[in-house]
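What follows is a set of structures to go through.
Here chain A shows up in two complexes: once beside chain B, once beside chain C.
On to the complex of A and B.
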């Protein structure tokens, strides 16, 4: 309604006058809001991205009817449009209601008893006939920590197989291996709090405005309140995020390693590095032999400087097409600002040189001492709500054990074998297959029984078509635990188990800044859907009974509820660099998340790691001689971080004459991952109803393409027809397609080439040709 | 006497009439709001909500049966719970509309954008 200032003042005066004489002025009906306040508000966390916004869900008569942001959490009550529209995802028409068995190509309803008996039989038979490595589990960074911990214990500790991996292999593995190889331990040392203190932001391979909007809000606010703050945005697309940049560095996709090395070159040649910090806190290493086995060697500062010689800004400009003036400016701003924070996501991680790209960003921080103090930190933004807490930290990935331990390390295996009470030698010492390889093995029949929970590989795997064919095969047995049916994965399953969703079960999530948060159960799951933890525990007991090991299961899986599991998890972290023994369930129920380490119940949590001055209590424990900074996760290097000599290397599939465009995939703010939840919300679907291909206007003109034309994209693996969106966002030679849409499977075109170190596939770059359809 | 006069004044004040809520016309699924609602889109483009990705659907729903032409105060609560509570307490516990003071699309204070009348 339009009302003028005069009308408002008159109305306000009327209210004031009325109250002055004890009269309550009735509101005109048109101005009255229906109070839809809920009966109760339950504290939880948003279901979606790795930002991990605190949220309250409003419950009335057993239904979630509203949400509001948690004003006492880091997000200060703010949500993005996905979080805003959380309630409808619980009530979508295609909720998976009952266990379903595929018979003659059709799904028929069966009971839970029949489902569990069948599943147990299939897995047990396979183990007896073909060994423990004939079964596998593919988990998720959206599962609760308690769920992932139990499955990890079952497979690695119970069965003695490392055939267990998760979808963070597709998004965060390069960041995880990057942190471990640079600092000795995984996970950022900084926090969102650093944003409030940074004077320079180096944001590379991240469209924060659409992918981490509530974190972006803080960056934007920092910039708005402090005009001297500099924002560098390095991205081949001029995204929504880039609009607030002081410097947008655009470059040919896959050439950013040359750029970051060139920035280091400028920092060294112009004497902008912090010699004292470098001498005190770093060592230099290079790859000697890619192996296997991998061989690395230590080198000197002089050798590093010599390595950087060729990475002049001119050389980087030639390779990347990023103007050398921009590279020099970025380097100087990075080094000379009072505090510089880097932020990145899949642009660096989903690459065949993802680990190297991560190392090179860490190098800049280590060279300049822009680390371990407020505002100065290299901060990897995580994609999923629990990739950190549930998969990376809990050690679900096929090479990991819980809380910073490795299957290949004798001491780590012994420690966990003792902790779990399993016989010495039970845990297999060889890392298991990773995500893409699990599905390759499933295709070949080397893995005969596979359980997929809380993720959608039938849409999200790169080079998708062969894996979908494998999943559909009648020669293997695929179980899918899902909240909805059909999804592009559950439709391929032999057995579908209906899963409770988010607000229908309780558990723990751990987001990007090491903040673990408790999600309280708010409502009951519908029909026969069950929490995954219940199903996993039942399966564990049933399977071991079938294998004649009932008593062992009673010992290993003696959990009545998720709190029992959480208590064991806390114990498992005790004494490690993660130590969150102090995060009791009771405390987590009251808190608005706590950042680990938090070794005791009275410890408030740790905002910044590796610095005694800024509150990391573990510096004194692991490195008593340190006065402030200590990278105590890198014991083998005397608590020093590593500056890596990583040469530039382009993508696995560069463009060529036949396939002259680079295809990159990514996100829109309306949707999350494969759209199984957000596409159920009418408002989000209306705002972003389908996939499209974003084309640069100059490219479009040469090809005779206008917006809304149908366009065919073809890679070496597959093709797709999409509507064109001609917009000045992607640079020339680059096209962008969003990944969310089940009816437009862009992953039929992407490559499954993966990083040699992290095994993370290169979703971000493959070569395509374009023609009008 | 004074009391009677004040009551008269109150009763004599003009009552604002809100436009009646109506549905949205049928549109193709991929048509963007800005194609028809240019001035609102432009005002939104320069406001705080736009850079935060708070799109039309947040306040107005989709163009189907859940379309809302004039959203009420509870639409704002998910992110601005404190402000909504503040308005309820200080202005009126059942007041419907944040947009008495805030311009609906640029979200600035109305007085400031219009400079008075």
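On to the complex of A and C.
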């Protein structure tokens, strides 16, 4: 039988899909050993969200020509529509190709040497004249771990300033502080594997179907195969994700703290809590004084029960407009299922009470003992591919040091100073400015030189207009390392450095479930684009030379490549609760990701943390007396987790007569973040070319608005004109606008009010008015 | 001419109806079914055509999702 090339392609594609679901397809002999469309396949990880799907890219003649899911990775070969369109992002026409310097308002090409000399001079001059706190770095949850580690070491250990933060502050900070305040250490204890074991899913503030489609697929599969599995979806929008929900809890935006407290109320009043677990593994705390300094105090179970007294389902319904029957049903399902898994993202995190909301979800798990066993876990989904591994874990944020350490903690500083070999006292003890504050300081001129890498704050910051103005100031110096130019940030820069993209450099990503994965380099970057790590190391040496500290730089930044950095990173994790000494580069190249802790080379990785019974060997190390569960990150609380008394509090900017609608922003399935990549893919752009505003049909009728009408949205900070999409997705009183579009900057309207604990802004709720344009 | 394989997730007991619907879409070939998942391959004259077909899949009653697995020949 002769097989045509087209048939070969079809069979090969079908086999790849069949193998992803464990289906054996009969294979014509002629197709055996066929290797379609590529000279070689290179193992890597998807560039987009924090799901961290394993991917192979097919390379022919030095060009990425195909992509397929890694069937041996957790995603079992599945990709979403964005993942499958990855290759075109490498070949977009607007790739940044050369260093560019802004002269008289126009960008001109300069050499790398000129660019590095200028950048070094600007930073060094600023440090000499105004001190180390006059310079700053703003990084990214998309940068490779090695890049973030080097910049953290340069700023905190080398220069002695904590003026370093990253865009995970805008998306993950509340989740991170939530985990730390409830369990003592950051990062989820569970894994995607829990989805296969859960009998109840509590999905709150997450449109998984569009934002994490491949994870949602597993939830869907679990539901389809097990009729008794219950899915509770708590969201003011009736999103695609709600299609498979057994219970959709719709509520007034910003009132979910009352709802979750009311669920706890039902669980306690109906005696559905796990007394043994609560007694053995929890303590209770409340905020005594918001400070500064912040003071918290321990309370008793009785005080907690008293606190919950007022959160009756009736009271929560009054506040939230969520029917009390739904609250009671959700509480019972949550507590009574064999295993309950909570999943959430920005609906909880991007709030002025984001940490509290996270704590309250953790409370439900701790009250019911729905934790630390298969299927029972509170699991925060991540927005960026390396927010966890590269920023939260390496400590890139302004209050952190690597692997669970804090700049404000004397012992932690001393440990890292010793590890880095810098003098005692080098690391500054006061946390530095966070994302929004870095740009506030840049606006005021307190920060004179700022380096932004691998992120797009000129589009993604809330209350955008004043920060854009600051970035454009002639009195300060802004360097932007970018893959594309112009972006809404690079257009404001004084100096643009062209960056190699995913697949053009090697390094490590760490995704939502503590899985670290190696990304192999597949192709060369275009023209003069360079990996950020190379540029960062060169800058570190140049800057220290300019500051008269050549020898120190040689010692601190003695890295020839990303593997050298990775080896130091492994050493830095040794002995901590993150310990991944066993993840050698050689092992990572072969593995389809490994979940930390993995302290030795023969350790398989840890699917579930804080439970000796299910494989966390660090329980015995940190809490030898524990028979199974131990929240060993919470040493100060005798390895017990905290159930917090967190009262309901609404958004910073509630609706009122003048601004009667709540605006929320978010993603669409086709696009990702500020669209610098996905909007370069013609197919994705055609599918979703422009921003729009979703309006509930009842609201639209009252306002006389039809789909496709032009409408003007106005907040206290700005206005935007968009096409209306009248659709039964947002509840009445709520409008939704996707955040991806550079020509329609919705963040001109959002508020930069932020959570007092996590400093994460409240992108998810602000007040607007709507009128026909 | 691009070729894209997809897994089509469907609701319980809807296999026959969905397969029937797929059969009338000209550029879709079904290669196998396992549980509530169908392995299909889409061919299109260009990626726009493939993209339109994926949208068609989503519009079929009882289809919960269509997930591309491997795309070939779309340089």
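Going forward, the second predicted complex is superposed on the first by the 737 of 773 C-alpha atoms of A that agree within 3 Å, B and C clash if a C-alpha of one lies under 4 Å from a C-alpha of the other, contacts with A are read in each partner's own complex, and residues count from 1 in each chain.
Criterion: a residue touches a chain if its C-beta (ideal position, glycine included) is under 8 Å from a C-beta of that chain, and two chains touch if they have at least 3 such contacts.
The structure presented is a predicted model; accordingly, all values stated were derived computationally and were not measured.
In the overlay built on the shared chain, the residue A:81 is in contact with chain B and with chain C.
Of the two partner chains, both chain B and chain C are touched by A:683. When the two complexes are overlaid on their common chain A, residue A:108 makes contact with neither chain B nor chain C.
Taking chain A as the reference chain, the count of touched residues is higher for B when chain B and chain C are set side by side.
In the superposition on chain A, contact of A:225 is made with chain C only, not with chain B. Within the superposed three-chain model, A:721 lies out of touch with both chain B and chain C [touch as defined at top]. Of the two partner chains, chain C is the only one that A:65 touches; chain B does not reach it.
Comparing which residues of chain A touch chain B with which touch chain C, the overlap comprises 6, 10, 12, 14, 17-18, 20-21, 23, 25, 36, 66-69, 77-81, 84, 209, 213, 216-217, 220, 243-244, 682-683, 686-687.
The touching residues of chain B, counted against chain A in their complex, run 3, 6-7, 9-10, 13-19, 29-30, 51-58, 61-64, 66, 70, 72-74, 77-82, 91-92, 94-97, 99-101, 110-111, 114, 116-117. Within the complex formed with chain C, the residues of chain A that make contact are 6, 9-10, 12-14, 16-18, 20-23, 25, 36-37, 63, 65-69, 77-81, 84-85, 87, 209, 213-214, 216-217, 220-221, 224-225, 227, 243-244, 682-683, 686-687.
If you check the complex, the residues on chain C that touch chain A are 1, 3-7, 9, 11-12, 29, 31-37, 39-41, 43, 47-48, 50-51, 54-55, 64-65, 67-75. Interface residues of chain A facing chain B in the complex, by the touch rule stated above, are 1, 3-8, 10-12, 14-15, 17-18, 20-21, 23, 25, 27-28, 30-36, 66-69, 71, 77-81, 83-84, 209-210, 213, 216-217, 220, 240, 243-244, 669-670, 682-687, 689-690, 723.
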